[in-house]
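Below, chain A partners chain B and then partners chain C, in two separate complexes.
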Partner chain A sequence: MKSQTQMDFSRIDYYPTHQQHGYRFRRGRTLPFGATVVPNGVNFSIFSSAATSCTLVLFRKHEREPMVEIEFPREFRVGDVYSMIVFDLDYEDLEYGYRFGGPWEPRIGHRFDPSKIVCDPYARVIGGRDVWCAKPDWDDIYQHRARLAFDDFDWEDDRPLEITTNDLVIYELHVRGFTAHNSARVSAPGTFAGIIDKIPYLKSLGVNCVELMPIFEFDEWENSRQHPETGQLLLNYWGYSTLAFLAPKAGYAATGRLGMQVDEVKNLIKQLHQAGIEVILDVVLNHTAEGDHRGPTISFRGIDNKNYYMLTPEGYYYNFSGCGNTLNCNHPVVRNLVLDCLRYWAADYHVDGFRFDLASILGRDQNGAPLANPPLLESLALDPVLSKCKLIAEAWDAGGLYQVGSFPAYNRWAEWNGKYRDAVRKFLKGDMGLVGEIATRIQGSPDLYYYRGPAASINFITCHDGFTLYDLFSYNEKHNEANGEHNNDGANDNNSWNCGAEGETRDDSVNLLRLQLMKNAFCMLMLGRGVPMFLMGDEVGRTQHGNNNSYCQDNDLSWMDWTLVQRNSELLRFVTMMIHFRRANPVLRAGAFYQGRDYVGSGKPDISFHGTQLWAPDFSPGSRCLAFLLCGKHAQDQQGDIYVAMNMYWEGLPYQIPAPRAGECWRIVVNTSMRAPYDIFEVADAPSLGDRQEIIVGPRSMMVLVAQACNPSA
Partner chain B sequence: MPLEMSASTEGKTARLNLSGELDGASAASVRDAVDKALQSRPERLVLAVENLTFMASAGLRILIFAKQKQPDLKIYIVKPQEAIVDTLQKTGFYQSVYIVDRETEELKG
Partner chain C sequence: MKVTLSQENDISVISIEGSIDGKTAPLVRQEMYPTLETAMRVVLDLSKVDYLSSAGLRLLLLVYREFAAKQGKLVLLGVSEDIQTVMSHTGFLNFFKLAGSMPEALQAVS
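Coming up: the complex of A and B.
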């Protein structure tokens, strides 16, 4: 209880009308949902359409038995909303939940169970998993405990950065995995605070956006098990299984044991912003941690199962997520929850954008059918609070809906471009018949996003899901045995190539080829229109030893090994310089598609395609070669034309190069067939081609030329 | 170890000596003391915490409360133990306070 003196500080806007077990309370305010601090008390408000009773359950922090249970009087319910203000609570020492009475009739969708204490869907802090991997008290009657959050963080003048989408370079990282490895040498390994120690690294690398894999509260112990053969503990490491949409993962916070995860996340975002780096959250709004009908009752199932989930006519759960259940996103109440959640993260955490896991689910109706005009997606696109946030869809789901290029975008949504990934992977490993598609993908995929512009295309070759870049060129097959599922999990269509040896090898020629292909990959990624994204550690050749689905591997297999920064310094140097090259050349990042014509009177089209012969791109099925010329005069502040030659054939080939403008010479800025330091140069230091009219592009390599004023001494 | 607290004001400096553990249960009394100290609108709030071994989130929120209540207030934390500094840093609060090793004459009022 608060002291009398403390109560006297505040205005008395509300006064108690009821008393029970020594606790004073009154009718609450229906909105906002959740637990809100009001003068002298806390307003609790929650929705349930079919409950017959609702009881507020209050705990002192960490105590096993409730300190009080207060049933909402009938008159405290308005419509389907139960609300109550309880006075004189100690905000810092409070945990709360609810019990709902109602029918247990799964066939018509109801699964009420008043013996269970359920968590508030609007909870902003969750206790119970405060320290990562600390063994839970399994006998606790309330495992995931809602707590209050306070809106008192000192942001100073911070605000979302609002970097133009096409200027982003996105770095996808796992909060824990980024610094958990011994080699990270940070003050708080595996935490939000740990990332702060690595901001100088990110800044030096040149990325200006980090995409954090899920940080909503989840239970790392969900489906935890020991590997039957190795005994290795397997956890829910990735966290694609949300417990509460508004609560940050306590176990990712060094201060989680103090309940200060909210402040730690905000501090991380503030520090990243100060370094010019945006923060995008990977949000899992398509399903919850409650699984199917065999899963635990944590929250939604015990509050309003029928409305929160998509159910079959028999009352079972539709499973478009592949995780047991599917959130009923286009039910108006659920839709508002999603909107409120994202507005909260945007406004209170200054988050710059969101990547939506299995976003196609958000476009399904309450029976699972795809909607032509999904109200949730439209609402998100046009929401006033979210209007400057990046919205990025993973435009497919586990139910077979694949909407890359056709996701309902409302001129706002971008997409993870899965077609870019697939085509570029095949091209890089030397498959035939890809040249035409590559020409399209390099332009930002106008075939898919013509009306949206290239910023709609998030170009990626690797992400958390699948091989790392190193493994993409080191394994023909996935090797997921460590997951304990007999290698049946994870994708089989990896479009990978092991360069001649499966896995680690001492064969220098194989290792050199892998290095070269990784350079090719980054070269393609940074030269294309659209928004490049890559996975943490790819810049230093991080391996998962062929595991393409490391969702349960909380160990060295998944973690960033920081010794690679030294060991693979050649690749890191190359990637860093490629990123800086992209950021220094506006023609690569423009917000509009190339038109293939000269619309500024420069004498050259903005983009032109070539082959080994000028003006003769080879789009035939057997081709593996493509070159293109970007006219610098078609982009503001661009210095010089850029010529790119790609040769994915296994032998070196001569390429005719366009004549530079009068007084200009080509400089070789990139040649991936060379070792450092001759693989990439600053433009000013790059060797000049003089008056040569042809270059030899090495086997499976790329060259980038930049036109600059001829320097007689060069 | 229970919290022990003493408060004083000299000139423009309000001072709190805290030792023991500042947990959720004891935070209310500290907050009351801070609030009382702020009534004289001091320029500085000095928290002598050399023997404070633990500070829960409730304790940290008192600092924010003080700063919000009087934005021009300079908060000095004298000789905090490492764990407390660590928490202040990880949550970003250290930017709003001055952490010092000893009390200078100025801080003494």
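Coming up: the complex of A and C.
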């Protein structure tokens, strides 16, 4: 408590007008929503369109009973907004919530319950799950407690990096899983701080962007259970179930027990920025943790159910998320909440961009119908604060909307390119009939993003959802028994191939083939226009033993095993050099599509396709071969022409290669059929082909040639 | 919480005992203020501080900022390992000069 002598009385509204139970307060300011520190006190403001009363409930931190409950006097409500300034609070030791009076009439959408204390949708810190997996007090009347945040981090001269989108290489990671394994050897395993210790690793790998799986506060205990056979504790490990959109996950912070997660996240972002690495957040704005009509009342349901959720005419919850409810994103009030949330993360946390989980939901109207011109998506695309942020849509939802290539983009949104993933997976495992599509995907999918450019295509083969890259080439079928759902969960359509043995094997030929296919995958990913993204650990062949839906596995199955860095050093070396090759060759990652013609007078088109014979790409249904030539003179600072030959056939094939320019020779930079160190070279060290006009591309392998001035000593 | 002031030649030594949190931080600040206003070289002895809350860390950073602005010298003495870890995880540590012993601290601000 502050003494009166410390108070600032320079304005009339710095002074309390009311007193109750020893607490002094006055009418507040309607905006901003949430709890805001103001001179001498804290301003609380919250909206409910249908409540009949609102009571502010204040707790001392961690105490079971409230220290005071103050009902908002009638004159404190303006419109549907209740606001109040409470004086003399020690806001470091404060937790707050609300009780709303109002009708319980589910059939018309109202589910008010004044016996429940509900959390502020604008809470910036939430207590109650301060330490990951610490057993909660289930009898606590207020499980997820809004707290105040010091938003005064000293950023010095940090700012979002604003790296051109087409120059990004994105690494998708789980904050806890990245360093929780005991092989990680970091000061604070499984936390934001732990990631800082691994920044040198990320830097040397060459990625310049990390995409963090959800870090909004969620309850890892939601739907927790023991596996019926193994007894293993299953948790909500992934966290796609938001409690509040402005609060970082306390349990991911080493300092969460002290309530300092806000500073810890900001420090992580500052350190990543110093290393030249951007931060994209995977944001879950399509549903909340309250589930359907059987779920708990935590926040939105008890504040304004009818406005926050999409409801059926009978008052039940539409379930376009597959998680029980659907946020009513295109209601103007909810739309503002989403905007406020993203602006907050962009401005206060210096976040560089967002990936929107099940983003198609954000384009549905209040009855769930897809909108032609969704106001929320347009607002996000044109928002002044978010204007430099990357906006990436997962352009589908669980309600059957699939908008890859047709997401309402306002020339601004990028998409997770699911079609790239599917086609490349099939091609890599040797399916026929894909050569034509692969030629399109390599160009950044102009069929889908002609008007937006290749940077709209986030190219990925793997992500958290589905097989890891190693498992993609080690399992024909998913093996999700450990999830305790009799292997019924997770996708069945994986386009995977086990290379001849299901799961881990001692068969050297199988293991070698898997290594080679993983190299092909990274080679393909790094050579294509668009933005490459891959999953944490794929660069070292991380396995989940065939589990393609590890959402509940907070253990070795999901965690990054750092011993793989040594054990799979050959793959790591290949991936690292492949990423650096991409970064050194602008022609691979230009921001415009290839045109298939020569528009700089170099004598060669910017891209040309070939087959085993020059100028004869084989797009027939039985083909598994494709080659292409990139003209280096079509990009600035490009070292030379690049020729790529892909042979997904099970036998080696001879490929005619284009004649290099006068005085130049081809160098073999990549040959995935070779073992390290002959699989990939720095251009300067790569062996020259001299005057050869043909190469043999091994079975299921790729070769990359770069034209350089012939060096007599080479 | 207790604040003790002493002087080593032209160096002011401020020793704090107890916890610095939302409740005590304003009092610590009040007691330190007369010294901080005039001194150019300060050793802030935290060896008897067992807990620094978020508000406590902010108090330290504000003091550091004031010193940086007037080009004074400030060193923290005897910060416990636990507190150093928290300061490191939250980014506060980078701002400060730390000393393990009084001679080292005096040397650092001389």
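Observations, loosely collected:
One rule holds for everything that comes next: the second predicted complex is superposed on the first by the 704 of 714 C-alpha atoms of A that agree within 3 Å, B and C clash if a C-alpha of one lies under 4 Å from a C-alpha of the other, contacts with A are read in each partner's own complex, and residues count from 1 in each chain.
The definition used in the following text is that contacts are C-beta pairs under 8 Å (C-beta built on N, C-alpha and C of every residue); 3 or more make two chains touch, one makes a residue touch a chain.
Because the structure is a prediction, the values reported are computed rather than measured.
With chain A as the common reference, the superposed partners chain B and chain C clash. Once the two complexes are laid over each other on the shared chain, residue contacts for A:Thr255 go to chain B and to chain C alike. Within the superposed three-chain model, A:Asp152 lies in touch with chain B and with chain C [touch as defined at top].
Of the two partner chains placed by superposition, A:Arg583 touches none, neither chain B nor chain C. Of the two partner chains placed by superposition, chain B and chain C are both touched by A:Asp263. Once chain A of one complex is fitted onto chain A of the other, the partner contacts of A:His545 are absent, as it touches neither chain B nor chain C. Overlaid on A, the two complexes show chain B and chain C touching the same residues of chain A, namely 2, 6, 90, 92-93, 150, 152-154, 187-188, 191-193, 253-255, 258-260, 263-264, 266-267, 270-271.
Those residues of chain B that touch chain A in the complex are listed here as 24-25, 27-29, 31-32, 35, 56-58, 60-61, 64-65, 67-68, 86-87, 89-93, 95-96.
For chain A in complex with chain C, the touching residues are 1-2, 6, 90-93, 150, 152-154, 187-188, 191-193, 253-255, 258-260, 263-264, 266-267, 270-271.
On the side of chain C, the complex with chain A involves touching residues 21-23, 26, 53-55, 57-58, 61, 85-86, 88-92, 95. The touching residues of chain A, when paired with chain B in their complex, are 2-3, 5-6, 9, 61, 90, 92-93, 150, 152-154, 156, 187-188, 191-193, 253-255, 258-260, 263-264, 266-267, 270-271.
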